[in-house]
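Going by the order they are written in, the chains are A, B, C and D; count residues from 1 in each one.
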């Protein structure tokens, strides 16, 4: 199958490589020349422009940083459709946007695509760069059932879990709901362990008790924030790698933007955003998000 | 073995019954006459007083509502040891307190017991009245290793999980850490589902996605707060039964009392307490604690 | 002076009336026919359209509900400037937008206006409908010093306090900062009084002590949330009138949107938004925002 | 008048000195020898013990760090009254405790005093060491009207504002309500200014706008947290002096202890405690509490 792939960052690059390895013909593009060069070296065919990449493509995939980049790519600078990539994509093409952006933006682009006879779906991912390289990402898809079936063979080359969240935009919503909950449970788990340790408990013993009790959650299973409790967790590697504080902050910001739009109340989710923002402002934006536990411990002044 | 059991409430009564069923000789007592009558009818031998109950007992177990009741029982009203039950318990006896109280109180009573040659350990439980009746409670034990081994055969008649949290008081600390985390997870899960639903997502679909992703936690596994998602959860039974809002509020209050004493920071745990307090004040203290999700949804005014 | 006034709601209508009373020639317009009729009856000259209203105007003033209305009015539906009112306004005209909207939107419209040789400034107000009718509003203005001096004679007919917050957009920022702080201090004041009352203190006595101490704030001076403490406060009139919960919720939402955009941390401001959202969802969106105190008190279930 | 004064710390010492300067005969005592020596040098008569100090005293005043010290002083170690100072105070004596402690402790001591025919009232202060030296403290008094009138001539030698909060314990409650509100206002004010500055506003201009608008509060009047806005505020002196973060943390802890006891909901007050605890743990416990604004700003990592 002929696939155009736009956006060759830490996530998009390896995803495109996996598609090519699976036998697809991939035309890739990124506005950054170094990114193009890096993945050309990895074997990808680089197109001269986004417009060139989508020529003759049956499927277009994009992986960009934020809502405004997706709007600019598909709709053009004026947000009118003029100058946007949609005008260069053939009717009948399937467009899969895997960026994590506002659900409202996914829906806005989908409407413009629909008017041009193009199928646009959102399919944000979780799983990090490790999952992107290994091809074990989780996709949360907003699409009709038919669109999802059309996308499935392609998604399966990049990921191992494919969830159908609902119609277009629902993939984004599911992702921010999940990540808001993740942000909360990481802080909650950190508070609980820190409180226990302040009372003299062993963090390993307490973690194990809670993991097997009603406090059990993904952080206690796979990603314990306390150094030394789990050998492979970022906490045991000086919080290097993993999922950065600033990326969690971005997702919590999207959740708050969404909550404001639908007038939802998210007391813990909103507070989690402010706590990660404080943590980032104190210079820890590049550390794994589980390093938030440090803000709850006594430090040398 | 000859066992004295003090406190025959919804938890203590069935626990004492299980000990008797297991072949132990149980002398039970409660200050409430109706409670004594109810469990006399269930086959328990009721003693004339707490002092009578502990006569000749090898093990004494207590299950009381709050710190002040445990202090009053063992130390007497003046908190001097005079008039307290410790004076009537033979040296060498093992005392197991399964009440959920302040760790500092457990330690205070343990010191007085130790001075009288009595082994005092804390062993608060989780698992609810269902677990008490079925004998499948979880015990979180604060004791020396030797004390725990001495208590184990008795605890095994009432529960299926026995965790050694650390020395005396550690059982209480582990329990409030776990329940603080549980209180946070339940609100966080409620916020996430409510946000998804406000965006048009199906609560079952979203719950299943998060359960299998990094938002996964005990509430999504066993105790989904959204009505209709899990058949056996309290949310599907009008929030009847389960673990009451006011009981969660009590445990979160103990966690805050502890956090204040050790100067720990618990931003989400403290906020969770205030949110359950608001929920209780609006008339929902008797509903299962997962009903907190109602405070995050639009209601008819 | 010839003035066009767009937006004749509870605030805009009386503001336009005050300008006419001061001797200006006002051409008014609103998309709602009943609003036009109501203020025609009050003596305003109603134009056939927004385009007709701005014909020959030296000053254009707008008072609209939200960012999207201001964008649609001045820039047109496509956000391209085509179809927008700017195309009908003569170069050299001063446009004063008194809507409370996102600072980013004010700046976006100002750039388009500037390109057309039009002076666009933001001047959101506080003071409520009472201040609009009495002509005692507070204006927070984002403009150059020269633009502000040009606007001052007009603003003085509608308000008694005019603050220069900074360049365009700064009026909006100042307003949401102030209102975020107001939302926080109203809840904080409510918590403090409710805590005192729960301990048996007289709310009047406690309010007076705090008013004269370091807890002193605007709510204790002018707007005590506890019924019966201040005769003229909305709390003593069943929370009727005043500044509605849903309006406070809107402003706190703008503050959070802004905080997300600049990655600021606002733990109390974010929590205040969620608490007002809960209060609104429980059916109190139309009550004065000081009714938030009710959510902190015990109620009959 | 013959006055015994127990507790010669940064507050108590200068208060006792002011009483002596006003012509009273003061017998002072502190468990710390250096404290006694320091104020002996300032002219105070130091008694050999607390028991000696209260011999023949018409009024006894105490100024101690925390609840446990007040309990130990008046009731003795065993909390039985035995070994406590009350046994050495003559019936009819007036005892004024100016410590900031739990209201429940004030009431507990008052009951024991009452049984011995002694008048015990609580009169915690605000105003800091500056106010203690200048004799301009604010007293919040829990007492009967007759007891307050008896105490007034003495209090007037040490302070300029005397508030009657209610019966015994009410002084403590009023103080923690006020200080909880102060802690909230300071963080709220910090958030608002930081948000404005992040948007390019001048902190002086924004502070002045809010001070004169509905965000107005004591912090904006007297104690602006942003460096350089008010010359005499601690923020303009590297947060030296003033009211330390750890003292605010203690008062917020008392407020939470109280809220837990009466099941009040204090979402902002509880969060404020956790934020000051984080600030203290990061090494800022000795700085003025307005330094909390630093945790909301971007810092060099």
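Keep this in mind: a residue touches a chain if its C-beta (ideal position, glycine included) is under 8 Å from a C-beta of that chain, and two chains touch if they have at least 3 such contacts.
Keep in mind that what you see is a predicted model, and the values were worked out from it rather than measured.
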Identity of the chain that, by mean CA position, is farthest from chain A: D
Interface residue identity across copies chain B, chain C - same or different by half: same
Comparison of A-D and A-B (more C-beta pairs in contact): A-B
Chain A-chain B separation of Cα centroids, rounded to whole Å: 39
Approximate Å spacing (C-alpha centroids) for the pair chain B, chain C: 50
CA centroid of chain A to CA centroid of chain D, Å: 50
Junction residues of chain A - those touching two or more other chains: 259, 263-267, 271, 275, 278, 281, 295-296
Residues of chain D touching chain C in the complex: 103, 126, 138, 140, 161, 163-167, 169-170, 173-174, 176-182, 184-185, 187-189, 191-196, 198-202, 205-206, 208-210, 212-218, 221, 223, 255, 258-259, 262-269, 271-272, 275, 295-296
Residues of chain B that touch chain D when the two form their complex: 78-80, 249, 253, 256-257, 259-260, 263-267, 270-271, 273-275, 277-278, 280-281
Residue ranges of chain C in contact with chain B within the complex: 267, 271, 278, 281-284, 295-301
